[in-house]
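Worksheet for the structure shown next.
Just so it is clear, A, B, C, D, E and F label the chains in written order, and each chain counts residues from 1 on its own.
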């Protein structure tokens, strides 16, 4: 969850990054008493995310600024939609503009892209989830944006769920050790609330992994046929996550194999900021 | 400049974000004494940026890890190139992998894109520069990546140079005040080391703005013809920056009008991470 | 997991709390060149925890101090055992003593108490786990100590697992809504890696809660007979946690009912520091 | 003193520790608009401490929560007493509950224990004081709780008073140097506002230590007879602190020897949290 | 610029430095309900600076305190002038007094000294500017005070403008390299908004440095005759800064040579606090 | 005491203040491989203070720099003395120079001034001590410098000793209450290690204040005759501090009245930086 405390901390740091000693332009060119009203306008269609963050960028710049958000996070909008209205001291509005836009454009870009994936799998049981390929420092913001787009989140960090990948399994079974046995022993060491997910590359790995009672099995880089076979084999004994080669062209077919979860790194690692702008009306 | 101190601070925060209480997977599945060697491999061609940052991600995870970087920031490489080699305790290598990649893929993505813009204007006097449309918290990393790609940086923040845009000019000349006079008065208030840049939308604004002795004049959303006319009019009396509608298709023509600087928001606001991967060889 | 980074941060803060401007006594009474050797000695038997933390307290006070730990976290020891040896500049050893002891005595106190609970349930399938009743600021230290004592950890925080208690269920089923249906809907909203635990007070609640496919069911304040009935009813469909009225006298009988997990608030909310002392041999 | 600033900082950190990314349970199970009223109720008798801290835990979780404290820090109460009332958004009340209780139960536990010691010495001149055996990070909270129980505080840290113990004296008098002379020289080096306390183990040390004009003399591990002899010998020339083997059974007799100050490590190093609970009444 | 955020951070740190655990004197001697009114009075004439900072010292100590500032930063005042009035809880007023005075006396001392320099050059084109010889941690406060006194600021830090001094030029021209060429190459590497200033020690260096198109040329330790010659030589092609041997006796003559900027280290490196006092009227 | 940890923290902050994004000049004009040797030279005579701080400024800028300090804190030196030698990467030496000098010049300025006061009272029992009129954020540095000059320190902060001034006494004795009685009651509330100092303005106040057993009595703005009378009256029953109208001309006479302590605000509130310089020898 994106907590108010976390929003404040990260947005404040971004404001200091963008204006460590204030805005010399506004300070020298705009009278202190000038006010402004500004509209946040969609220059293209999309799904909104980051209303509270945009608002914080403005009010942390100057507490005298008020922001009204007209579109909830997760709502779709058309080109030209007025998403929010800002009003208050002109210096503050001009100073906060860029940081506010940097956040809300990125978050809405993620939400919009996620919604496209989610739409592709709408008639299946599959959920679209994010990965750890997030922007350093902004993971919670990007996870929130994924949820705004109708997606769901994978584990938050390396600390809160186990995901055993090929390298881990290789070490675990070194010396010919049985994988089921090894995983059962791992399970014993974990807190009862810790989720255990194991990645497999081949059909033959599924049965021994399931035998250890894992919570989720990830089928990595499986063909559609292999996915279908995997789904049949698992038969509800664990959550099935598909991963690898997922894009807007392939996601529907992957979902139709019956997997539960599809993880998509592109949701956050290659974000195009949505085109939103601030139309400012200044009164000196 | 990207200082070692700043790299440490931001990378450390990213590592804590990704593993606040350590990596439960490695901790439970990988023996403490296992070691690993890993190669950072280019899965597509590009321009490298972020070697020192990638290295910090690894050594801050575990000081026992050593990293050798084979390609300097700013160098081009082909698909398959081994960019760096990491070796040390396997738990640390596995834990640091994702954060290291998140930084270096993004930075190399920016450098690669910048290099494409720079190549387009190679036979002109124009420089490609970035904008303030950077990722919150990562401005210095992204500016560094732009330089890796052969671009240059615009002002760092609102605090270190004056950039007067349409809104500022409107306020400044409210009540019919002469723009030259108003700008001269602004100049008086500034430190002698503060750069003064003014944005104009129309040819007619150029002369009165220049008359105030500004350092840079930005021609915003000018057509190619207007740009040529502007360049002729300025005649070396100020640096000329072109802005607006700049993309890989248009940038060459814009550069050929003779402008000095072309600012490109897309360099940082819509970054595609370059496809780099870590091939890990574990020895338990 | 107790990371080196976290140990450093918390121990450093404790050292500053205890000597914000240094140790005026040592500074004025002990020559800078005096050295000391000190033994950490058990004045009563117990289970050790906090070796790395004790060591950090000394080396963060003065990097010239060296610490050798002779007993691993989780090992038992008798009265009189030498647990560690410290040597280095006398001023530093004297200054770091109290903070080092404050940590290691508390952590070993928790480990020792946990081990007593664990011993009581040794011949059953039950695990002893901690709760959120930890000392503010020291949760990871206390969780580590619980593991040193052979216990396991419950969820780390409110953010990483769902635990629905009576108040939550009351709200969820307000207006006569079916609890199974309501919980199934909650499950839909959660990440696939998020553990779902539900607390019940009565046998009749078990079936509808299980029907929603929860991961763990907590039987709160059940009598031994009720626990046995609950275990039979659940029949392996979920992990069973027993809670309430757990102490050293009751824990064995509770474990023998066949529950999987027994949570014990007393492990951390009422800690008696173990009696460990530092015998210092000073050479001026 | 426990300043509002310090309370805010420590409680905020504890809240983040307990819910770094919010409370997933409340978030998913409790409607945002639900409200709650909750009573802080004593499940056993004791002395209250931490009202302001408990209040901060609630209002820092959600500023819309209001807290009324009915019992002042330092007041006694019986089982069943309603100590405070909390009301506001249900999500916040549920989220803040555990952290608020963790603080107030511990602080009231310390106050209650301290009050028992103070009662034992009520008819003497002796004051009960704490030591540096406090919980790392919580020293000011625990010192406040000691005062709530009618005790007083010893020096806050190593930086604000000199306390010379056996090791220090050994170094000081190495090579047969006269202790009085050595201490007089120490006194010369200290600020005139720095308190000088010296610990002695034997009657014979008292006279030479007093001759140096120390402020306080600590009689460590003296028998009752030795204490009486020491009190007579000092004869008002310094404050007398008794230390060692102090517990609820021995403290009265120690006090009756006429010492001024009795320091008790147990007040803070082995705290049993007082049994206080929050009875929550939710309205969805 | 001195931002509200920066004032808060630095003043809060100063308050904690001066009263980490509150004011034991006020706490023990002044009733909580006592109030006070206090006047900030000039005990000597001068130029005011730091009104907002003084105010922050009071309100950050206790938000119940109100402060009315009667003299704007930059205004002159006579001995006896009441500069501000403070009222609120007596404990807070007494606690905040010293920190508030420490800031405002220092800042007004700088403003007053600056104003004396500015007055000396009133009939010339020269500006008085500060240097990097500021108090560690207080640079923005001291720069603000310089502006209050009618001076202007030099570059803020090493990061925001290039200033090439003798050592730099020596390296740059090692091996007989042409200085103009070398500087032109430096220019190429800089952002177009980065100011380039070069220091010269001799008349002969001026022409080749100017040929590289520098923004400012600093004439270091030039005699008055040399300065006049330098001004004539530069002839408006760059801003001219005079530096070295500047004091209240010499500054007028230096200004009359026609230089644009005179930098004065003494403005901040040897500050005499102005004599301001707080006359407190307590009502218990 | 000035701890290594505190030096690191404050000096690092000062370095970031002076070069948040590095030194653009050195970065662009000095080759990375160039080295430099630099001598810290006294341009006037004085007493040294801040060697460790100067050293930290250099090594925190670049750990590859080494610093040899030739003069201990507290030692006197003549004009031309080489105080320290710095060598290492030229970029680092040039970047760290200003911050290192800013600290060491200020600290040596304070030490030198303090030594002049101390010399004036050399043949008396009086100690010269500082006050709370220190530079915000640098109190420990300035207190250390006072000690380097042979002075001693007053209480560190409002939290560690009681000093009752006129306002406090006025409140304390409101309604005609007896001052002795009131102070005795205050004494009861204080920790036994808390120093109690009371300021008096008139001879008649001395006896009743002494009757309460205060540790120090401050005679504020007493004439020399009054001081002599006060000293006779106190007769060793408390430490006597003289305050008010203390300067280099008056301090000897004040000391000769027999007071124990003379507090001098000017030691820190109006510091002239000592003229020290860095002679740099660069090798590209």
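Here, a residue touches a chain if its C-beta (ideal position, glycine included) is under 8 Å from a C-beta of that chain, and two chains touch if they have at least 3 such contacts.
Just so it is clear, the structure is predicted and the values come from calculations on it, not from any experiment.
Listing every chain that touches subunit A and subunit B alike gives C, E.
For subunit D, the chain whose average C-alpha position is most distant is B. Judged by shared residue numbers over all numbers used at their interface, subunit D and subunit E contact each other through mostly different positions, with under half in common.
Subunit A and subunit C have CA centres that are 33 Å apart.
Each chain gets a centre from the mean of its Cα atoms; for subunit B and subunit D, those two points are 53 Å apart.
Inter-chain centre distance (subunit A to subunit D, centres taken as mean C-alpha positions): 46 Å. Centroids built from CA atoms put subunit F at 23 Å from subunit E. Touching of two or more other chains is recorded for residues 1, 19-22, 24, 156, 159-161, 194 of subunit C.
According to the touch criterion at the top of this document, the contacting chain pairs are A-B, A-C, A-D, A-E, B-C, B-E, B-F, C-D, C-F, D-E, D-F, E-F. Listing the residues of subunit E that touch subunit A in their complex gives 1-3, 5-6, 140, 156.
Of all the residues in subunit F, the ones that touch subunit D in their complex are 1, 127, 129, 152-156, 159-161, 191-195, 197, 215-216, 239, 241, 260-261. Interface residues of subunit F, counted against subunit E in their complex, comprise 10-11, 13-14, 17-26, 28-31, 34, 36, 90, 94-95, 98-99, 101-103, 105-106, 109, 132-139, 157-164, 167-168, 170-172, 174, 186, 189-190, 194, 269-273, 280, 282, 284. Those residues of subunit E whose C-beta lies close enough to touch subunit D in the complex are 12, 16, 19, 21-22, 24, 27.
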